[in-house]
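Chain lettering (A, B and C) follows the sequence in which the chains are written, and residue indices restart at 1 in each chain.
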Amino acid sequence: MGKGEVEMAEKKVDDRYLVAQDAGGSMTDCFVVDKEGKFATGKFLTKHEDERVSYLGALNDAAKNWGMTSSQVHGAALSSTYTGTAMVNILVTRGGSKVGVLLTRGFAHLPIMERGLTWIGQSYEDILHQQLHEHTPWMVEPENIKEVTERISVGSYYMAHHFFPGTVVIPLVEADAVKGVNELLDNGVEVIGVLTLASYVNPAHERRIAEIAREIVQKRGLNIPVVASYEICSVPNETERLKTLLIQCYIAEVARKKLFFVEEAAQKEGYKHGLLTLLAYGAAANIRHTKLVEAAISGPVGGLLGGKFIADFLKIPNIVCWDLGCTTCDVGLIAGGLLPVNKNPDFSGHRLRMPMIAIDSIGAGTSHVVRAEPATKRISIGPASVKADLGTCYKSTQTTIGDIDLALNYINKDYYLGGTLKVDRDRALHELENQIAKPLGQDVYDVSSKILDLLHARVADHINGVMLSRGLNPAEFTLLVYGAAGPLHLWGLQRLIGFGDMIVVPWAAVFSAFGVAGADYFHRYDKAVTVFLTPDMTDDIKMYMGSALSQGWQELEERGLQELESEGIPSDAVTFKHGLTGRYVGQMSGWETPVHVSRVTSMEDLNSVIGAFEKTYTSIYPSGARYPQAGYQITEIYVQAVAKKPKPVILSFPIEGKKPPNEAHKGRRDAYIDGGWVAMDLWEQEKLRAGNRVDGPAIIEHTMTTFVIPRENYVELDQYRFMRFKKK
Amino acid sequence: MQTEDTRFTKDNLRLLVEGKLDWEEVKKALRLRPKDADRFWKYLEVLQARVPWKDKILLRISDHLYIVAKVGGGRIVKCDCGQEFGDYRTNWKLSCRVYARRTAEQMAEVVSTEEAIPNPELVEIREFYCPGCFALLGVEQVPVGYPPIFEMLPDLDTFYREWLGKPLSDERPDWFQDRTLEKPAQWAKGK
Amino acid sequence: MGICYKGLTLKEAIDEKESLFEKTGYAYGLKSLELVEQDPAKFMRFQMRLVAACINVREMAKLISANPASLVQGELLFLLANPEGDVTSTSYGLAGHLQSLPYIIRSIADLGFEEDPGINVGDIFETNDALYGAPHNADNYTWVPIYYKGELIGWTVGLNHIVDVGGLQPGGLGTISPNVFTDGFTYPPTKTGTNFKQPRWWELHWKRRTRTEAFNVLDDKMRVAGCVALHDRILEIVEEFGIDYYRKALREIIERERRVLINRIKSQAVPGIYHWLQFTRVSYKGVVGKLFAASNRDWVLHKPGEFHIKSDGSLFMDLEGLSSEGGFHCNGYPAGVRMLTSLGAWPMFAYTSTLNSALMYVEKWNLPPGSMFNPQNPFAATVMSLGEIGGYINMFHNCLSLAFFARGFLEETFPQDGTGVGYGLAGVLKDGFQWAGGDMTLITCWAQGATPYHDGFPAACCQPNPQPDMGETEMGEFLQPTNLNIGKKLVHDYCGHGKYRGGLGIGMCQMIVEPGQSLIMAVFAGAAGMGRGALGMSGGYGGDQDLIVFCHDTNMRQILKEGGSYPTDFTELREWLKQGKLKAGSVERYTSSSPNVLCKDGDLVAMASGARCGWGDVLERDLNRVQEDLHYDWVTPRTARVMYGVVADNKGKVNVAESEKLRKQMRDTRRQRSVDAKDWWKEERQKVMDKGWREDLRNMFADSLKYGKFRREFMGMWQLPDDYAL
């Protein structure tokens, strides 16, 4: 499909490759890098029933850019990382395992009530329109939910005045567990999950119930996995923890089978290592990783990893990653070189409890339906989307943003996906006239371009919101643009937000696959702790509290070493990063912050821990919102166990003249912008060179993307051929 | 009547009325903007096809009850079983068979949670049946002596003329007028 | 020289707003919407930027909060109002509250705040006083003026529901309060800060006048931080669009949205008069004793609603006949009525991504002076006004459901008979540590009522908050360690039945553990022994009432020591007591709010709410649905038989022939035990003549007969002699 070097490089057998694939709902993107950093990209229609086919297909498509085959690449591949929507599909197609769960007595309906969160993922209008509220399909049948008598206290905000966290208030009745497990096995469940309240402060009961289950499973000569919630998610909020447990139970093993097939296929072709996959918090991990649920929602994470890679490579600490696709607009922030983490991400109607790289998505994209209500002159974009039907220009009967992009001539009707897909501009125009312009009594081109303004404003508000809620200023950030439609609408966005700098990567359409290739190999472990540091405490009490942090970190480090070892990584190749979540005593939410100590052995250590929290908090809120007199509470700690993994290199090219080569110029096209038709120069992206400058009004075309540059802007290609979008 | 607005079809409406429409389709209907303008006319066709009698349905006011244009004049309330309840301006409950549950035992048959059974000293549960088919048409939970509640008196002439743009042939200024109290007045006179 | 546009004073500006609508029927007299007509896309963009600003600010500010209700259960709202107090955009959350703003701004105008204490850049104002427009003192409003070149161009507002209001009872939902002085910390509109900062004295009020200082202080910080941030965002937007566009567009937003709402009603409803009715009770007799002698009595509250869908598509709600104001906790003011009932309007016809005050221009209300929702005594208690007003949310749901049903829009029907159970508690732990808290779990997540086409979903919606959320036990318990949760689940049979049944309600069960020196709980519940609503839907039965059961001096600790188990909801509690398995020194049952109840170690508290109404005749329920209910134990075999006339084997398999037979018998029973309306009327009339009601009912009728309309209907229906009196 495409490659990062123009002249065909002769490939030698001693080459080494990194393979990365992102299997999307429709297409599987492939990204291969060699040891010099030359890369090739490929695409293949995702084959959900047998992903081996699309895996090999995409790799071959990429390899043939170098006149190679997938097996030649596999033979010399250092790693192959495979991620995508496989797990989501298991959920959507209801193809998961038959699950049984054991819960604290009295809470059997948690999975059915799901906290009443019947509105996750809905637009605000639908949320108000409560007739539309609905529960997610059951991942566990009510008859496969069993209750066990027990209760452990979560402890209290009043600290020493009442229960110590983890106090056993109602002893475990093992008979309940025995009975429950046997009934579940009689019902023929394929996996058993266990969750008891407060297990994150004291897993004793959960652990015991799991033991009992495993014993019985073994006694009955069965091979049925048993998962206790604390093993995969040792943090508070029972419903979110339960959802995480259920998804692990429901899809993890089924998905693992699929991944093993792919690994087999790769190894048959001579791939010598274990297949890697991507975890929600941005790590690559062997597909044998126990908490495979962490791989379930890694979908949009690839792009942010790419962003992080570029941030490190270009030494830009603050980056806004912006991916505009056909149905969603994803925004991710890299602030101070850190990827922010969301601890209870939503996943197709479920609210989970596990760390995921924070990505804020809204329904905004080129396939969103555009509507006009004649009576009230109301215009709406979405929430409905026609997805792969694109718009009336292709298979849909409803007009979309995509129709407008075509009608206003931003998109080349003869070069859609390099001309491989036929779109009908006349029909799009006709429908926009009938469905939008006439009802509103407006000129079709004029109202269309104003609807784009509306879209751009929505995206801008979304990005502003993401930044505002973290107290950040766009001027201090570089906007990194990728995704099929990002370059197409950047011009509108940059008029509404003043970013410090704007970069469009040349391989925008396969950027997340690139990010996957750049992922670090590490595991992250989270643990709830109950540490209070209040003004009335003496130093030795504070130190006692601090020791809890040391112990916790040590415990997590050991788990990390263990698991990485089981994936064949020697302990001396492992390094650790530490962090915690803190808040002022009384607050309900906490703020995650990395710390630079791994053990608390002195008041200095403790103060640096508190300092780290204060720094994070005041970077978000006015100092008036601080409340130190209430004291501090540390609710969670985490450890990242990091192993080495080869990374792609980004090629640098000799800087050539500002004037692009003539063969890159494809002529001119009139496009409608700012209330009039403007003749735009057309350029072929693949033929532009480092150092070239392209002045607006112009359009840079690529088989997979279109880059619109209005009059007041121009684009410069730097030594990496990153396209720097600037104001004249 | 102009061509059907197929964004929500008559067939889907029939299924909805029968409680058989797929939830995904229901959600589409809920999100429809603007709503299909000919819904009411489709509704009348679906409903008319479900009743055994010929009188023209003007409005449906409950699962079983309809306000119909009686052959030979008048607008009356009629049950799908054929039972007639008289002029729609008079609360149809006064033409029902009535059963009032006044003891906890009687209430226990229809309140399945024993703790939730209303206090018989405070309220009775009134059930209003169709004298024809004995379908349960209405339930009231009120203190003894509370006047029966007239659930709905539609302004039919405004509805058909101003909202639907298809005036009824027998418009009259007094169609939108509560006549309920005339009935007890007659009863008091022993009629 | 006033602070508003063209030098009008705040009061003049508001008067002009009101007279313009009176005269023209259009908000701000806007016959035409120039900005909308000229450039709908730009207008939409402007409007969405305002909404986004509110939402973003809320997401930023809420994290500061200490209070689970704000953070998880969404009891929080930020909004932008124009100078006249009309809200033009809001965040997610307690959307209803935007209706209160016009009243609050009208209040400070009438109080002459413009001169004293003055309204200046950087000022911070707050109130929670129902007399001045706040619904009740648990809902605290913070607002900041926005100035542009010396002109007042709007207000940014933040509000949330705080945990404890320092009343006679712990929590924010007091159920005993004879007058405003026992309501707790109530402050009229107050300037609590200047230059966007609040002085220390304000924090001290929270410390001294409420039981949950830390929570309330952080909540206050949250509201202020949000208002200030929104203030800055709005000024940016003004710069972007220009002040003239901004000023004009804020008004067109209201009028345009008014037309959207009218349009929805006319295209989905049927004009006419609909009725809704509810009864509830207040029981102070023997509770307040000599201390509040005048309030030492019981009340039955009469809550009628005549709901007019008018020919022009507007709505008129006539509450004549409503019980009179009294020395109890649940009086309310018009602002509270408009605020809370709007929660019935949003889902039924007012859902839009751009909520604003347009609804104020679509509704008219008759709230008779001297009635409980228009008290003439300035010291009337309102701490739990929302409990009683809340019933009227259902008037919107049920009357409009009937209207949509008649018109053919079955999918839009959404009957409800909602109330909820919540509690406040306060105690002194073993070591003398004083603490307090509250819980809203059963208020922030309910089942749906049945519709004409499907059963109500359980745990699916919430009238007070469009984003239902029960919250997390592990989060809530951390703040209430003495109340150990041993059950939070759906309760079988606990719903209103019908051809389609209401969603099952949720039951909570707690064991009191190590309360220390003392622990009192005050539980709020809405039903009161008279059912949720007086009217079933189309022959369906109403939802089951809220329930509260206290078991004192139990042998629970002993049972557990011996390795036994625990009951998880009120039905198990009942069975365990019957079987003698559980022993209790005393059992208190409430279907309405409880007084302060002292709890000891090992006591059990079971609460349940959220059960919803059915639709249609139970005997027409599809046999397969009943079989499914049996399979999942949503209904018991007894209910299947007695209620639905369904015969099933012990595996829950339905016997069709037997069931048909039983259903026929049950119809025959209906025939046998029912009488002609005329005969029933005679019997009922005789009881009315005999006046044999118990005291509280008799008082209710006597009170309502003071109001002409109800008297006419009552006298007419029973054909009573003119001298009939109670």
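The rule is simple: a residue touches a chain if its C-beta (ideal position, glycine included) is under 8 Å from a C-beta of that chain, and two chains touch if they have at least 3 such contacts.
These numbers come from a predicted model, not from an experiment.
Trainee: Measuring between mean CA coordinates, which chain is farthest from subunit A?
Mentor: B
Trainee: Between A-C and A-B, which chain pair is linked by the larger number of C-beta contacts?
Mentor: Result of the comparison of A-C and A-B: A-C.
Trainee: Which one chain sits nearest the middle, judging by mean Cα positions?
Mentor: C
Trainee: Using mean CA coordinates as chain centres, what's the subunit B-subunit C distance in Å?
Mentor: 28
Trainee: So how far apart, in whole Å, are subunit A and subunit C when each is placed at the average of its C-alpha atoms?
Mentor: Each chain's C-alpha centroid was found; their separation is 38 Å.
Trainee: Report the inter-chain centroid distance for subunit A and subunit B in whole angstrom, where each centroid is the mean of the CA atoms.
Mentor: 52
Trainee: Residues of subunit B that contact two or more other chains, please.
Mentor: Touching at least two other chains: 23, 30, 34.
Trainee: Can you tell me which residues of subunit C touch two or more of the remaining chains?
Mentor: Answer for subunit C, listing residues that touch two or more other chains: 263, 411-412.
Trainee: Tell me, which residues of subunit A touch at least two other chains?
Mentor: Residues 126, 129, 131, 134, 375.
Trainee: How about subunit C: which of its residues touch subunit A in the complex?
Mentor: Subunit C reaches subunit A through residues 33, 36-37, 39-42, 44-45, 48-49, 52-53, 55-57, 59-60, 62-68, 70-72, 92, 95, 197, 214-215, 217-218, 221-222, 224-225, 228-229, 233, 256, 259-260, 263, 346-347, 350-353, 355, 411-412, 414, 429-431, 433, 435, 444-445, 448, 457-462, 466-475, 477-479, 481-482, 484-490, 506, 509, 513-514, 516, 560, 563-566, 568-569, 632-633.
Trainee: Within the complex, which stretch of subunit A touches subunit B?
Mentor: Against subunit B, subunit A makes touches at 126, 129, 131-132, 134, 371, 373, 375, 380, 384.
Trainee: If we count contacts the way the header does, which residues on subunit B are in touch with subunit A in the complex?
Mentor: Result: residues 23, 27, 30-31, 33-34 of subunit B touch subunit A.
Trainee: Over in the complex, which subunit A residues touch subunit C? Could you list them?
Mentor: These residues of subunit A touch subunit C: 105-110, 112-119, 123-131, 133-135, 142-143, 147, 149, 151, 153-158, 161-163, 169-171, 173, 176, 197-198, 200, 236-240, 372, 375-379, 440, 442, 447, 450-451, 453-454, 457-458, 461-462, 464-465, 468-471, 584-589, 591, 620-622, 624-625, 627, 630.
Trainee: Quick one: which bits of subunit B touch subunit C in the complex? Just the residue numbers, please.
Mentor: For subunit B paired with subunit C, touching residues are 13, 16-17, 19, 21, 23, 26, 29-30, 34-35, 37, 39-40, 42-44, 59-64, 93-100, 109-116, 118-119, 121-123, 127, 129, 131, 133-156, 158-159, 162-163, 176, 178, 180-181, 184-185, 187-188.
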